[in-house]
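You will see subunit A twice below: alongside subunit B first, and alongside subunit C after that.
After this line comes the complex of A and B, so read on.
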């Protein structure tokens, strides 16, 4: 009997491993096991790195409304093991959030972004409302523009789940600004009661 | 892309959770972990930097876009020659041909638009030098936008103008400049100016910015 149970367990694990690979490629919300309550958030690269998205409008089209897609490195969209084993498309930023609690569906996690600041270059500034994103993988965060709010809600989901989406950021390019190297920082917040 | 809510999906999720639980039993790769909070109320932050390299540029358009150089033609009826009744032009890309569209955009300071012409300071002439000249003083230009004035043309070129800045360092103005022949003199008959630059009919507007 012991041998029989062991063989069954091994077969189940093999099947789970296969399903895990499938989920990595396609699923954007994955149910996870309940456990001690916790939340986790990743935006861009892991290992404590703050990813940077770079925009470079062309002189010929600056201020014309021609969208300018941002670029970033591969680390910003790298896989998130174990449930999201496939990297985002090039120049995408992975946003991954996890909310867990002992009993499922009793708490709601909320992901917000603070885009109330500006990109600045010397005394000049560009508001984050001039930027948006296209969701290239996932539906939990819809394609949209930054609102300029300190508490723009991107998505909510109940425990115990992991959600992962890939976003391609873009500069709307509808206004002419003084030349310069502008920098700014967004802060994403994941919260759960 | 889907949310795992189908019964089969639930089973898949359970199996996936089983895999996750198995992986959780492994020693954690701390360097790869995102920000985590385990104490209620839960709250974690993650940051993302944006950098935008905005170029310095100056764009300027007079008339039809592209390489086309518009030709404004004034035709004076014999009965009206020299009667000081202005004659509208034809051939422009605005105002039914009497005018041209002007666009100027730049982002590095005050823009200045300076006219010059191909007459060598003498005005328009025909193919025959002995026919005399028509002064550029007889060509009037008006604008429909005070913030983008039209230069007054003269035989020497004309008076530079400066579009009003929209904001510090930035100019973005669109206007229509309308041309008319003032018809205040009686020149000899002939076709003055035209596409042959040597006859003095080519006006060049040059936009500059620091």
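After this line comes the complex of A and C, so read on.
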């Protein structure tokens, strides 16, 4: 009985020795930290050009609610190749956004527009709530009007993704304003907290 | 009968291993920290693979392998990329490429595979090799703090 136990003990030691040959120390570990998330936004023309949209309401229909479609300067709706390789229809503004971050579908990118300002001409002003848009290409931003908020949300999407829409801006023309050349600026903000 | 069963277990354990791990405890750096960056920054990212492609580089990662038990023997040494690693949600989310600064072979490997880096006679009791690693990641499956532990295995040839 004693001999039998002893042999078994020896076998265990032999096994441990054999396994020990394949359990050598492991010394090198590469720890990969997270890279920065990335967002990119294009509104209108590329290369830093500020696109303009011009509205020319006719005196005869002023304040009637007859929509006045805007016209854009060149390249406001140019293609965003290769994923959006076709230019928007004439007088549309392209909005393109990309948001990347690890891990898939864990962060949400939000595009907002600040329309809290007014268009002004001398001492007169027109609120941005008198303007809206029709979405002519893309689905991420629905047709709507500006709310006058500094943080009106236009769309959200999850990482990592790239989206683009074409918008045709319009003047709602529900109020008669003093004549003049009114100008104002909208600011679009893309964030991915 | 009991002894026979015991021997079979030992044999099966050995057969499940691809090779013997080489001790790399003498390597100069036990931990190397790096950060990942986006591989493509242009706007032509047409597929999820392109938009999610990231890379982390580790230049001059030095390994000192204890080959004292194999001096004079013909052997093959492999770099092994583990199947699983903390911070990687899918084995398909990582690929490792390396260039070498010594006698080892350049190559690449996926998680759960190994690649030949040396084929010949072991001449020294310690082999010192430096690799330039490029670790390609798919951001969909990557979590920061990923821990990649490359190891080396040796097969002694008859």
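Quick notes on this structure:
Going forward, the second predicted complex is superposed on the first by the 156 of 193 C-alpha atoms of A that agree within 3 Å, B and C clash if a C-alpha of one lies under 4 Å from a C-alpha of the other, contacts with A are read in each partner's own complex, and residues count from 1 in each chain.
In the analysis below, contacts are C-beta pairs under 8 Å (C-beta built on N, C-alpha and C of every residue); 3 or more make two chains touch, one makes a residue touch a chain.
Please read these numbers as outputs of a predicted model, since none were measured by experiment.
When both complexes are overlaid on chain A, the residue A:172 reaches neither subunit B nor subunit C.
Using the contact criterion defined above for the overlaid structures, shared-chain residue A:70 touches subunit B, although it does not reach subunit C. Shared-chain residue A:126: touches subunit B; no touch with subunit C.
Once chain A of one complex is fitted onto chain A of the other, the partner contacts of A:184 are limited to subunit B, with no touch recorded for subunit C. Ranking subunit B and subunit C by residues of subunit A touched puts B first. Once chain A of one complex is fitted onto chain A of the other, the partner contacts of A:104 are limited to subunit C, with no touch recorded for subunit B. In the superposition on chain A, contact is made by A:93 with subunit B only, not with subunit C. In the superposed pair of complexes, A:41 makes contact with subunit B only, with no contact to subunit C. By the touch criterion defined above, A:134 lies against neither subunit B nor subunit C after alignment on the C-alpha atoms of chain A. Overlaid on A, the two complexes show subunit B and subunit C touching the same residues of subunit A, namely 15, 19, 22-23, 26-33, 38, 40, 81-83, 98.
Residues 7-8, 11, 15, 18-19, 21-35, 38, 40, 80-83, 98, 100-104, 160-162 of subunit A touch subunit C in their complex. Partner subunit A is touched in their complex by these residues of subunit B: 1-4, 10, 12-23, 31-38, 40-57, 59, 105, 107-108, 166, 168-170, 172. Against subunit B, the residues of subunit A that register as touching in their complex are 12-13, 15-17, 19-20, 22-23, 26-33, 36-44, 46-48, 50-60, 62-63, 70, 81-83, 93, 96, 98-99, 109, 119, 121, 124, 126, 128, 131, 137-139, 169, 171, 176-193. Contact residues on subunit C toward subunit A in their complex (touch as defined above): 2-3, 6, 10, 13-14, 17, 20-27, 29-38, 43-46, 48, 51-52, 54, 56, 58, 61, 63, 66, 87, 89, 133, 135, 137, 139-151.
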